[in-house]
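For reference, chains read A, B, C, D, E and F in written order, and residue numbers begin at 1 within each chain.
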Amino acid sequence: MIDVVILFFLLGLLAGLARSELKLPPALYDSLSLVLLLAIGLKGGEGLARQPLLPLLPQLGVVILLGVAQTLIAYAALRRLGRFDRANAAAIAAHYGSVSVATFAVGVNWLNARGIAFEPQLPIFLAVMEVPAILVGIVLARGMATKTDWRRIAHESFLGKGVVLLLGGMAIGWIAGPEGLAPIRPLFFDLFKGILAIFLLEMGLIVARQTSELRRRGLFVIGFGLLMPGFSAVLGIACGMAMGLSVGGLTLLATLAASASYIAVPATMRLAVPEANPGLSLAAVLGVTFPFNILIGIPVYHWLAVLISGGSS
Amino acid sequence: MIDVVILFFLLGLLAGLARSELKLPPALYDSLSLVLLLAIGLKGGEGLARQPLLPLLPQLGVVILLGVAQTLIAYAALRRLGRFDRANAAAIAAHYGSVSVATFAVGVNWLNARGIAFEPQLPIFLAVMEVPAILVGIVLARGMATKTDWRRIAHESFLGKGVVLLLGGMAIGWIAGPEGLAPIRPLFFDLFKGILAIFLLEMGLIVARQTSELRRRGLFVIGFGLLMPGFSAVLGIACGMAMGLSVGGLTLLATLAASASYIAVPATMRLAVPEANPGLSLAAVLGVTFPFNILIGIPVYHWLAVLISGGSS
Amino acid sequence: MIDVVILFFLLGLLAGLARSELKLPPALYDSLSLVLLLAIGLKGGEGLARQPLLPLLPQLGVVILLGVAQTLIAYAALRRLGRFDRANAAAIAAHYGSVSVATFAVGVNWLNARGIAFEPQLPIFLAVMEVPAILVGIVLARGMATKTDWRRIAHESFLGKGVVLLLGGMAIGWIAGPEGLAPIRPLFFDLFKGILAIFLLEMGLIVARQTSELRRRGLFVIGFGLLMPGFSAVLGIACGMAMGLSVGGLTLLATLAASASYIAVPATMRLAVPEANPGLSLAAVLGVTFPFNILIGIPVYHWLAVLISGGSS
Amino acid sequence: MSLALEKRILLTIVTEAVVEQSLLADFARLGVRGYTVTDARGLGSHGLRDAAWDEAASIRIEIICDRNLADALLALLREHYYANYAMINFLHEVEISRPEKF
Amino acid sequence: MSLALEKRILLTIVTEAVVEQSLLADFARLGVRGYTVTDARGLGSHGLRDAAWDEAASIRIEIICDRNLADALLALLREHYYANYAMINFLHEVEISRPEKF
Amino acid sequence: MSLALEKRILLTIVTEAVVEQSLLADFARLGVRGYTVTDARGLGSHGLRDAAWDEAASIRIEIICDRNLADALLALLREHYYANYAMINFLHEVEISRPEKF
């Protein structure tokens, strides 16, 4: 049956499409995303505390390569098939090479609801995959010989809210361990799904705002927004197989790969590649890929993961 | 004994009357009311899932008529006895013909605390009763032949925050059912009373702001603010008897009828009947009727419901 | 082991020092502190309901004297040893004579985590100690013959957010008792530590902002910020012994005494003694004393309390 | 020397938040294609509006336009809004670049 | 043609949020019956005030009045606020309708 | 008589919130030592920016400075920001006290 958090997304979407007066205070949206990021991090850190960290390093290398590959492939497709100019192709590609926390949270929720386990390092992958695509996208748009302010961009990428809260949460979870986390469990773990539900209500409202932009952008954007995640998911499963992930881990890495950023990347690319049209990327990411992933993608990626890995669901 | 959530209301009231510096961030107030509306809707939808919906349609007709009747009676009283001009009489009447979510929530809390059951369709009544009084009020103020922008008003009424969240919550509760809702229960159900408590703290502060206005308005407004809810409650119980509601349902429908809107109606009437003085309606609704209902009214309506229905408390 | 809430403080501190983009919405910070203040008050009031109140009156007299004494001693030290002018010495002294809710909350958390009981009147002490130091500080800066607007200052002090929520919460807890509070327990008690954790994350960010100011202020401010709390803690333990407090109560009163205000006092002193430099006080209070107290102070005060009282830890 | 600066009118309106949508829709009908809104609070002949809750919230609207449009907007305010809403407005000349935008 | 527009002074003050009540009370004593406040942040000789928490919050106050009142307000600021608070102010002429309001 | 009031330029810029840090850093390089920022929303040739989420948030920056600095700031905006960002700006003369601050 359809998850209750998805119903909240659909409510927001319908309300937005009907041009309802419903609005969430921006401070609520920020607060919810803060708790979600910390909770995902804490959970991951708690799990990591039970295993050695060193063997993870090569895995981080793999997911970085995965993000870079996705960005390059997306760029090529947008340039060749979509006939986009360099700046716009690079900007859109960076969004798709990076990841979306909301999509990841829905994936986690989907697996939890079905009792499917996944590796505790997945939240690290989430944090690590946020940044490389941004750097690749900028180089694609500008070349290396540019006067891009790399220091500022590195700062904004590595010390952005998402990375700090995810890695910070992981560090806290790792240090505190299950017992240390017990007293904050009611807020960060018991409320997780309720908070995710309200967060997705707002996401529905935001997605609804993209439709007019989408209509103007035509079929290629829609097609790209639907096909690119499928392609990335397969790439993600391949990488996950190489790392020996479980079916849950494969599903979640596929979800990560398929997801596209709509927070960190837009803000950074707006400054680094200002001539790219931000409406274009957001229409594809929010108007097509995000709803596709959470409504259809995740179960499909799980099915694929089972199929490819030959494991049982 | 007095409910703890009422103590929070009194704290806010006292702090406000003493002109304390205490203020709640507006975003917190908005967030709490969002959760309350969703929670009420979810709970109602969960209950509705266990019964056929068709038999409810005539009941909806009855509560719509109830709202219309209240508005017309309030208008007549204000014109004849209060000697108010047309615009102000119509605006105040619309407030009293509509309903208050906060009052409803306190009523739900009062019944829950005493283990008194009520029908799951009550939240639908809440959503349905919000709008008719607005339309009647506008017609009373303007007549039918007016150039009132009905499209805009319909849009604002039917797609306002309150209606969307209540009906949306009910739809989600109905689709998900008790099992589907389980993961979000900690946020929407376990925290309900705590959230209601903080919400009522803010309501106390808001009510305290009405006192200077009240002093200027004289006795008629106070008298109307006290008598109209009593009258409406009896009307509500009568309608509830006609529908065959339980004592809990009767109490809650009486509470709904007795309650007066202070969110949706003021905003809409301000635009549709701008020459009405908004301070007047709010002084009556917030300064008199709201505190009367939550402090005294609800137990009295329950007592009446028991008395009239001949049931046991 | 280090408490998990302290890890959140350290995360905020590190993020702030690294100049991360991480920011909490101000409305979230305000909302969290509202819940913390209410929760501390409710808990205290619940405890007080089980004992006679009259014997507490002399204790309140003692803690008022404690706050006054701390302010005078700090003033003398700052004038004589620090060679501060009258206004700045008085302003800083007032901060240290008053108390910090956040520090108190961390102390409560520390004791709870170790199962160490403390008297229920401690939250009253917190409320009562907030104000006297402000009045003493103003007299020290201005003398009695001044045209200080005492009415305004009394109003701001006694009806400030902190005092109203603490005493209001206590009154509610006292009236409602354990049973009456049960329905709001999930929000105010179960989530307490999670809320404290996020609150301390923000405190870490705020503390990090003080470092540049600190660097400019030199060693005396740092020394004062470290030594004054130690001295005050001993004073607090002495007062607590005189009242016959338990080891937990001694620890918490020492923590209270050692803590310095960074909310109520800065705002009031800014208006009452405007020529004092607010950056100076905040650098000492937030940059030195607050982190010292929550990281090192509290365990030390507990150790001292055990030592002095001869009790068992 | 300021390159290519032209003159326009900056019209500022402070009023109740509740009329925002309706007012801006009316303005659009008169030809306004750009405006800026900030949230505000204040005091005036309609009493204190301290933004503590929705009913008491105010907004501050700025519109850069030519004198003719400003006059039309003022006429609209005078006819439909002055009587019933807390509202003030004021205007003055400003120098702008990119005149094609206004 | 702009109907019945008169001239007044618009005085704008940017200062620390903590003085809001005190400043507005002082202004009321000098005869101010209307003002508009917006929340702000900024940089000045007193450093960065980024509104990240209460102590670092700023406000922007606008007052429309005649030249005499503006002068009186400036004198008050000069005497009681300039020395100790982060504060700037500036003023210019604006055209208003409904002169009875100001 | 207004004591010791001098003239300066008040330059106001309304633009996307995302450029705030970058723009203010550029301004600092040109010699800006003070500014005031308020959060805003609005409509313009780049469409509706209603501040409903980060991407759609706008800011309103005010800078008091002399004509030369204002010209330099405008030149910077023209060269680096006009083409790619939702942005307007306008300026006018204001009277200030304490000229040493600007």
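Just so it is clear, contacts are C-beta pairs under 8 Å (C-beta built on N, C-alpha and C of every residue); 3 or more make two chains touch, one makes a residue touch a chain.
This structure is a prediction, so every number in the text was calculated from the model and none was measured.
Trainee: To get from chain A to chain E along touching chains, fewest steps?
Mentor: 2
Trainee: Based on mean C-alpha positions, I'd like to know which chain lies farthest from chain F.
Mentor: B
Trainee: How would the chain D/chain E interface be labelled, same or different, where same requires over half of its residue numbers to be shared?
Mentor: Different residues, largely: of all residue numbers at this interface, under half are found in both copies.
Trainee: Using Cα averages as centroids, what's the distance between chain D and chain F in whole Å?
Mentor: Comparing mean C-alpha positions, chain F is 19 Å from chain D.
Trainee: For chain C and chain D, let me know how many angstrom lie between their CA-based centres, rounded off.
Mentor: 46
Trainee: Using mean C-alpha positions as chain centres, tell me how far chain A is from chain B in Å, no decimals.
Mentor: Spacing between the chain centres: roughly 41 Å.
Trainee: Residues of chain C that touch two or more other chains: which are they?
Mentor: Only 23, 25-27, 186, 191 qualify.
Trainee: Mark out which residues of chain E touch at least two other chains, giving numbers and ranges.
Mentor: Chain E, residues with two or more chain partners: 38-39, 92.
Trainee: Would you please name all pairs of chains that touch?
Mentor: Inter-chain contacts occur between A-B, A-C, A-F, B-C, B-D, C-E, D-E, D-F, E-F.
Trainee: Within the complex, which stretch of chain C touches chain A?
Mentor: Those residues of chain C that touch chain A are 1-5, 7-8, 11, 14-15, 18-28, 109, 113, 186, 190-191, 193-195, 197-198.
Trainee: In the complex, go through chain F and note every residue touching chain D.
Mentor: Contacts found on chain F: 14, 38-45, 58, 60, 67, 70-71, 74-75, 77-78, 82, 88-92.
Trainee: Spell out the residues on chain C that touch chain E in their complex, using ranges where they run on.
Mentor: Against chain E, the touching part of chain C is residues 23, 26, 29, 152, 205-206, 209, 263, 266-267, 270-271, 274-275, 278-279, 282.
Trainee: Name, in rising order, each residue of chain B that touches chain A in their complex.
Mentor: Counting only chain B, the residues touching chain A are 25-27, 30-31, 34-35, 38, 155-156, 159-161, 164-165, 168, 171-172, 175-176, 180-181, 183-188, 191.
Trainee: For the complex, which residues does chain F have touching chain E?
Mentor: 1-3, 5, 8, 10, 24, 33-39, 64, 92-98, 101-102
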